[in-house]
Amino acid sequence: MQEKLIFEVSSPGRRCISLPPCDVPRKSLEKMLPPQFRRKTPARLPEVSELDVVRHFTRLSQLNYSVDTHFYPLGSCTMKYNPRIHEEVAGQEGLSRLHPYQPPEQIQGMLELLYHFSGLLKEVCGLPEFSLQPAAGAHGELLGMMIVRTYHQKRGEGGRKKIIIPDSAHGTNPASAALCGFEVVEVKSNGNGLVDLEALRKAMSPEVAAMMITNPNTLGLFEKDIIDICNILHEAGGLVYCDGANMNAMLGRVRPGDMGVDLLHLNLHKTFTAPHGGGGPGSGPLGVSKALRPFLPVPRIKAVGATGRSPLQYVWDYDYPDSVGRIKAFYGHIGVIIKAYAYILSLGRKGLLKVSEAAVLNANFLRQRLSGHYDLPYTAGCMHEFVLSGRRQKKQGVTTLDIAKRLLDYGFYAPTIYFPLIVEEALMIEPTETEGKQTLEDFAEVMIKIAREIEISPKMVKGAPYNTPVRRLDEVKAAKQPDLRWSFPVDSE
Amino acid sequence: MDYVPHTTQEREEMLREIGVPSVEALFEVIPERLRKATPRLPGALSEAELVDFFKGLGGKNKHLNQYNSFLGAGVYDHFIPSVVGSLASRGEFLTSYTPYQPEASQGTLQVLYEFQTLVCELTGLDVANASMYDGATALAEAALLAIRHTERNKVMVSRTVHPEYRAVLATYLKPLEAALVEVPACEGVTDVSALKDRIDEGVSAVILQQPNFFGCLEEAEAISAIAHEKGSLLIACVNPISLGLLSPPGDYGADIAVGDAQPLGNPPFYGGPHVGFFAVRKELMRKMPGRLAGATTDLEGRRAFVLTLQAREQHIRRQRATSNICTNQNLLALRATIYLSALGKEGLMELAELNLQKSHYAKDKICALKGFSTPFGKRPFFNEFVIRLPKGLTPDSLNNRLYKRGIIGGLPLGRFYPELKDSMLFCVTENKTRNQIDALVYSLKEISRGLPRASKVRGRGAQRARKS
Amino acid sequence: MEFPQDLYYTETHEWLRVKDGEVTVGITSYAQEQLRDVVFIELPRVGKKVKAKDPCAVIESVKAAFDIYAPLSGTITGVNKELEGQPELVNKDPYGLGWMFVLKMEDLTQLQTLLNAQAYASIIKEGH
């Protein structure tokens, strides 16, 4: 099943939407725009009818697997169900049709929303202040690193240039640190898949600015020594940054602030179920400890108390001289934040507890079912996700990539593969709490079936997928001769 | 209300199979003292209560459908055809993720390939990525690219570039200890002779915005020539709607073009999420940040799409990646793609001209009022323009009075440009009817009546913007 | 696996061929096999001064990127332009047409820090 490009269904002169008439007296174009500013040839946008547009994008959508249509056990991405009601509440014009430069008195409802949402995040995470500005998790990390840098500089310790990162970390961690001019020091995980305290102590020096740690880590294991880890860093004058990608496992029961971490970003699109949209928009609020509050970005919402006749007012406050500055135009991904807020409110405290409970239950159940059929490199009980290794299957010549492709044939999206890097032929599986027992059983059955197929006919598995809209792609060609845009036939100029 | 499907019986069965007595046992690996958190959170709401709650919050805001708004300054109120929302909200687009498995993500990948093509067409550049967080971060990442590419550590940015974009740029450059030099403005545009005097071989890039923050059109070709003479790159930050009429950045020699595609079918949403676009000349392709979709073939020789040139990205190159960006703004890029497809080749040109006609009508009418003038003379502009108010009328007091008449006025500029504290930036898109514009003009006339008469000399001729 | 006797080697899998005070650098047959299909090579700028162990080129396959380190300190005096269009030469002929860059050394005694074919081969063997 294939769909032509929208450019290929284009016909000169065909129109879709009609524009309103020009209801003001027309001036000559030449007078308004001298020729040196004018474009010489029009941009070759498609010329199609409305039905062409509808059919094209509807058909394209049908080529996707999604949470709405398929189980999507993509580890570390928390692909849970996205409630439809969130789209409705966020889309109302009283929220979506506001301009960022409207003065505060016109948008008190919005400011109140952001203020209270921030308050809920503080409660859930046990940290005293949040910035809602970061656009995504990686953006939160970047902001966090900027704050770490500024904090040390303010204390006259600008020589702290190193960030310690476990070898199991997400790639964004070292990339964010490097973007801030830090040098990355990798610490190896121990045999249990956790941060090796001895190795960590050895890595400490007066040059260490901070450690970035994910908890539960990317193997789905809780870093049980987290309190000691924070102590080791703090005693050496360093800070602890927590990548909150895996907050789903702790929701409502464990607060990162209580562990002793100084900075934490959340991924609202993961933990708080804003739809991933095929890869964004996300939202990555950053929470910090008391000592780091002065460095958060501007502006911040302030509630100005009711006095005399004037009621409580929310305003933007720019007066933070030690702030790292702005990391984004305007105030953050408001549309995503509203959905996360709606989620917390519908669940309440008990609902949040149920989330972490069911997320961990589901992961352990699936892990139990699969552990006899695939290698389980770390045997400690998992939290919300777990990592299998396809090394047993690799001996038959079938790689984890092949297994992933075969899963597509059976109507399941694939787990995250080849990550974390410390596990050979890794398959990282995160079922999330919104999947029921039946779906997990079906998935386990297919995984076991594939393990059997590998024993009997490895070649067939290597040829997968067979049932998807396209078969396996030539990625070498794509990278060697990059074709990144449609080339119009010469005569369409 | 929650979304956990397990029945009590299923839960028991699952626990039994795992071999633990209770769910609590699964959390025992966590130190006990950490498990005692009791966050103070409200009780659960039903769907109906939730709707009421947000209606209540929304009701406390004055939105752009209720009021006649003339705000722009980076966020624009354009009409959004219904096909955009209805197609983009399909669950298969909405609830999928980054197309790591291309065989099961051809929809998203093909959309990105089409989006990249559209951005190339608009900007006149060779390669575009799958999008960035917003225009401001796209601009900052463009500067980082220029620094990496030229191995020079200085960036020059015009004072006529959006102040919040410049603020983001400064935040991004600070940790790298790269110098940010501001090029002053003269009569509402970049002071080209000042640029010429101050540029040197240490400059990695010169950044201009077209149309600039004041709505004025820059002498882009002259700026481009000055930048290239010193081996610096030219980064142009552009408004995509304006490109229906204006020269594409590729034509005046921009090496990188960035901007925000919010105007292309995305609601203002109080400033986000929006979507940055990023296009470069071919030589810079492998130094780009962000995702790229490419065409290739599948096993059976059919055309198919895949994320490519991934070796630049953080999940592979980690600390040596071209950026730390992990996602794009996929859903908004999709909306922009649908919007541009629905608008079409003629439609975009017509739309741009409607913006141009209506904003010129508004500006002419306002400037004909006693005491209102433009500080920037006869500079060509697109859909925004700066108006200096009559003496005795401040932008804030004017806006307060307009608001009482159901009008959201322009942006007071004093906050960003102290030298323009008596001036405002107005935006007029195709979404404004003549009646709405006339209502603004009438209100301005009414409000300014009875003010002390403004001196005729004020407001004419050159005003050199101070560097603050 | 083939490791020509007349070359020097590094632990990071570069080979060096010395001729008239200039050193040609590429990656070993072992390294190219590990990488599989090379899709792109980012070469240093001619004239660039590099220090030993500085990353100075990048080899990319579809799902990986490897830094090539300057084996010795010196100045880059030439790069293999053919690789721009045909990166696969690194796979096809790693010791010949797949060469990457030429380095003019400041100090020839640096060569003593490198491995010979036997020593390199035994490192490979130990690793696997």
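Order of writing sets the labels: A, B and C. Residues in every chain begin at 1.
To be clear about the criterion, contacts are C-beta pairs under 8 Å (C-beta built on N, C-alpha and C of every residue); 3 or more make two chains touch, one makes a residue touch a chain.
This one's a predicted model, so the numbers in the text were calculated from it and none came from an experiment.
Colleague: A-C versus A-B: which interface comes out with more C-beta contact pairs?
Modeller: Result of the comparison of A-C and A-B: A-B.
Colleague: Which chain is in the middle, if each chain's centre is the mean of its C-alpha atoms?
Modeller: Of the chains present, the most centrally placed is A.
Colleague: Which whole number of Å gives the spacing of the CA centres of chain B and chain C?
Modeller: Their C-alpha centroids are separated by 44 Å.
Colleague: How many Å are there between the centre of chain A and the centre of chain C, using C-alpha atoms for each centre?
Modeller: 38
Colleague: Any idea how many Å lie between the Cα centroids of chain A and chain B?
Modeller: Distance between chain centres: 20 Å.
Colleague: Taking each residue of chain A in turn, which ones touch at least two of the other chains?
Modeller: Chain A, residues with two or more chain partners: 475, 478-479.
Colleague: Give the residues of chain B that touch two or more other chains, as numbers and ranges in rising order.
Modeller: In chain B, residues 309-311, 316-317, 320 touch at least two other chains, as defined above.
Colleague: If a residue has to touch 2 or more other chains to count, which residues of chain C qualify?
Modeller: 39-40, 60-63
Colleague: How about chain C: which of its residues touch chain A in the complex?
Modeller: Touching chain A: residues 37, 39-40, 60-63, 87-88 of chain C.
Colleague: Per the contact definition, I'd like the list of chain C residues that touch chain B in the complex.
Modeller: Against chain B, chain C makes touches at 39-40, 42, 55, 58, 60-65, 67.
Colleague: Considering the complex alone, what residue numbers of chain A touch chain C?
Modeller: Contact set of chain A toward chain C: 418, 475-476, 478-480.
Colleague: Can you list the residues on chain B that touch chain C in the complex?
Modeller: The contact residues of chain B facing chain C are 286, 309-312, 316-317, 320.
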